[in-house]
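Two complexes are shown next, each including subunit A; its partner changes from subunit B in the first to subunit C in the second.
Then we have the complex of A and B:
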């Protein structure tokens, strides 16, 4: 309950901050619509030459695009800005203030910055996803919906843990803000099903930069191609990475000695 | 002329040293420019296989050649001026450039070339690696290569002029993000990055013929691949010349008007 209240507080601060720059909302909205339009036009071009792509119908890839935008929106709204802030705070020694607060530092650091306007991506992503499902005639049962919710949560947690580990590296190597950009670049590959890529790239996108679990696997759940194996792998990897990133974070904290002061 | 050579050499050396300090960041920022062609190469290869071997006149090996050369052409012709100019103007940093007794575009061109020279260390081995991974259908003829280099050189200047003009729009808007993204989106389709131009719907092809994107990226690529007839090559060079001249004139005009409007913000 306490944690939920904190999230809500930070969300409100995010709204207040953005209210000062209202034009940003229109810029963000325009950018979200442009990237959605680009993605759909790209799909239209590809599917004007074929009916299926690696076994996926156009409408299934549209659902995948919805997941891609939704997850991308969540990363852009909370994870990316908070982790960048963390790295900046550690560099400048301001992180001391986070540590002195009567709350878990990892939790605080993970929600410290919320860019509310990125909600446009989340809403558009959800809209695309729902539109794709309606177009297919809402043919998913409660089992598929549950499986989808499950792998979306585990996939999201995997992505979060991965970012946290990257950002935690900052306790050892101060100036590595560019490392977050690696993920941003690789994320683009997630807008197509991972299965079409050559095996070396598929391996990278599954285990080195776990885009596959956050986007392809949930989309598979919606189109009835989710295997029990990938569901179990996603669950186990989620638990493992959450625990491991927590441990890694604690190790990093021990290394922190305050930069300035 | 001698004056210019010396100035360029000085700018080039400073930029080279400056950028070398950020070599790790530089490699990281290249990932998306390497990954994007691989993504679309894979997508189109998958489509070709589903259709029993080819899409239009492209087999998987042709797509491989197309996207590997495209990666190189895009790497050598792209610029980032329009992403930093609004910052320069907002922060009043432009004042430093105005004080120098030389047009500020020269420093930017020299900086861009320095970056390309440095990143060649990454992009060429990457291209070689992709060559072995994807087995492209690419024959090397010395004449074609010479003409390709000419087209690439013009493409670089032309793209630089146009993107520099776009950057100058910041004199009036002070924030360029939205315009930049529209330019980027158009370029994605019209310069042949999402698909080779032949595979786009007819209406978009007509648009691509008229705008500069195609002539800055897709044209040198198709030239290198030997896909163009003599007539198409001549037409391509004509369009390049037209846009090079247009870009040059546009810079003159916007720069003159923009500087008048500029009043150093900050400092």
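Then we have the complex of A and C:
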């Protein structure tokens, strides 16, 4: 309950922060619509030459695009800004204030910045997803819906853990914003099902930069492609990465305070 | 007040490992591959304790180890040697009960958010510290009155002056009514009026709530106004721990004698070192041991209207301490 209240407080502050620069809202909305437009145009071009792409039909890829935008919105709203803020705070010494608070520092750092206007991506993503489902005739049952919700949550947690581990490196190396930029461009690869990529890239996008679990796997759940193996792997990897990133974070804190020296 | 100290520090030491690099591009490229480090002892074998409700000035030149010590006391840094206990806790364990009862203010670093009104930044701290609305309003009322914040609360931080921002920073750090305050240069960069204002507030807050305060400052006026006791460190070592008056007694070998004469511009250099001579008033510096002797001679030989014996300014004494 305490943590939920805190999330709400930070969300409120996020709105207040964005209100200070209201034009941003319209810019963000325009940007979201433009990126959706180009993505759909891209899909239209590809599917004017072929009926399926790596076994996926146009409507399934549209659903995948919805997931891509939705997850990208969540990353852009909370994960990326908070992690960038963390690096900045560590560099400027402000992180000391986070550590003197009687609250879990990882939690505080993870929600410290909320870019509320990225909600536009989340809502548009959800809209595209629903539109794709309606176009297909709403043919998913409760099992598929549940499986989708499950792999979306585990996939989101995997992405969060991954991002946290990258940001945690700041405790050793201070300036590492570039790593986040690299990841941002890798994420872009997720707008297509990873099955269409060559084997080596598929491997990278699954385990090295776990975009596959955040986007392709949930989209598979919606188009009846999800195998029990993927679902179990996603669940196990989620638990493992949450625990591992937590451990890594604590190592980072120790390094920050000089306890490991 | 109990007799158990709020802060106990025993044989505290902190050694940093700092990267070392020769200047120049070649060395910079070399450091990408292999990094050489050297150990820097920031704090060496320091021991002291602070009683509940006490305000202690923590003095030393830049790089003396003051901030490092404050960071160890507030749980941010892990000591490399020695023991610390603050209100019964080991700080670096960062127990919630400990963090709930301390606060840290760093004059050069802000925790308030730049773009939103001050009151909303306060609200964030209220939520983090789980302060009930009733308690929060009471505390905020008190702080607003003491620091004159009422007009500032609705303004975004970026629109505040440095002094106004500092007042708000201090208030944000006190919303949870901490028992122990670690203040690292809370008046740095402020004008004299604002310094005095914050000083007066800290004194009043300490009286009202019997809060224990450990304060570092480069402004001796802060220290003189607030701290009966001072701890001085230099090169990471403890040089002095005791009353401000004892510090002057011990480290100043001189006294200052101010004499007002009936006649103008008498040459008094045979009595002591003349610091100033303006009109009928002459200020002399004399060795402490000769004070009585010189005073007697002045009174016997010259038409003295008034004579006062003073301690030299605290800045001068501190300078003396560091030069030894």
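Simple rule for what comes next: the second predicted complex is superposed on the first by the 256 of 261 C-alpha atoms of A that agree within 3 Å, B and C clash if a C-alpha of one lies under 4 Å from a C-alpha of the other, contacts with A are read in each partner's own complex, and residues count from 1 in each chain.
Heads up, the rule we're going with is that contacts are C-beta pairs under 8 Å (C-beta built on N, C-alpha and C of every residue); 3 or more make two chains touch, one makes a residue touch a chain.
Predicted model only: the values in this text are computed from it and were never measured.
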item	value
Touched partner set for A:239, first subunit B, second subunit C, both or neither	neither
Contacts of A:197 with subunit B and subunit C, given as first, second, both or neither	first
Touching partner for A:2 - first (subunit B), second (subunit C), both, neither	second
Residue contacts with subunit A in the superposition, subunit B compared against subunit C	B
First, second, both or neither for A:97, with subunit B first and subunit C second	second
Partner chain(s) touched by A:174 [first = subunit B, second = subunit C, both, neither]	neither
Partner chain(s) touched by A:33 [first = subunit B, second = subunit C, both, neither]	neither
First, second, both or neither for A:17, with subunit B first and subunit C second	second
Subunit A positions touched by subunit B in one structure and by subunit C in the second	none
Residue ranges of subunit C touching subunit A (in the complex, touch as defined)	14-17, 71, 74-78, 80, 92, 94, 96-97, 99-100, 102-104, 106, 109-111, 113, 115-117, 120, 123-124, 127-130, 156
Subunit B - residues contacting subunit A, complex	24-25, 28-29, 31-32, 35-36, 38-39, 42-44, 46-47, 50-51, 55-56, 133, 175, 177-178, 181-182, 185, 188-189, 194-195, 199-201
Subunit A residues touching subunit C - in the complex, by the definition given at the top	2, 5-6, 9-10, 12-13, 16-17, 20-21, 92-94, 96-97, 99-103, 108, 254, 257-259, 261
Contacting residues of subunit A [partner subunit B, same complex]	23, 27, 30-31, 34-35, 37-38, 41-42, 45-46, 48-54, 178-179, 181-182, 184-186, 188-189, 192, 196-198, 200-201
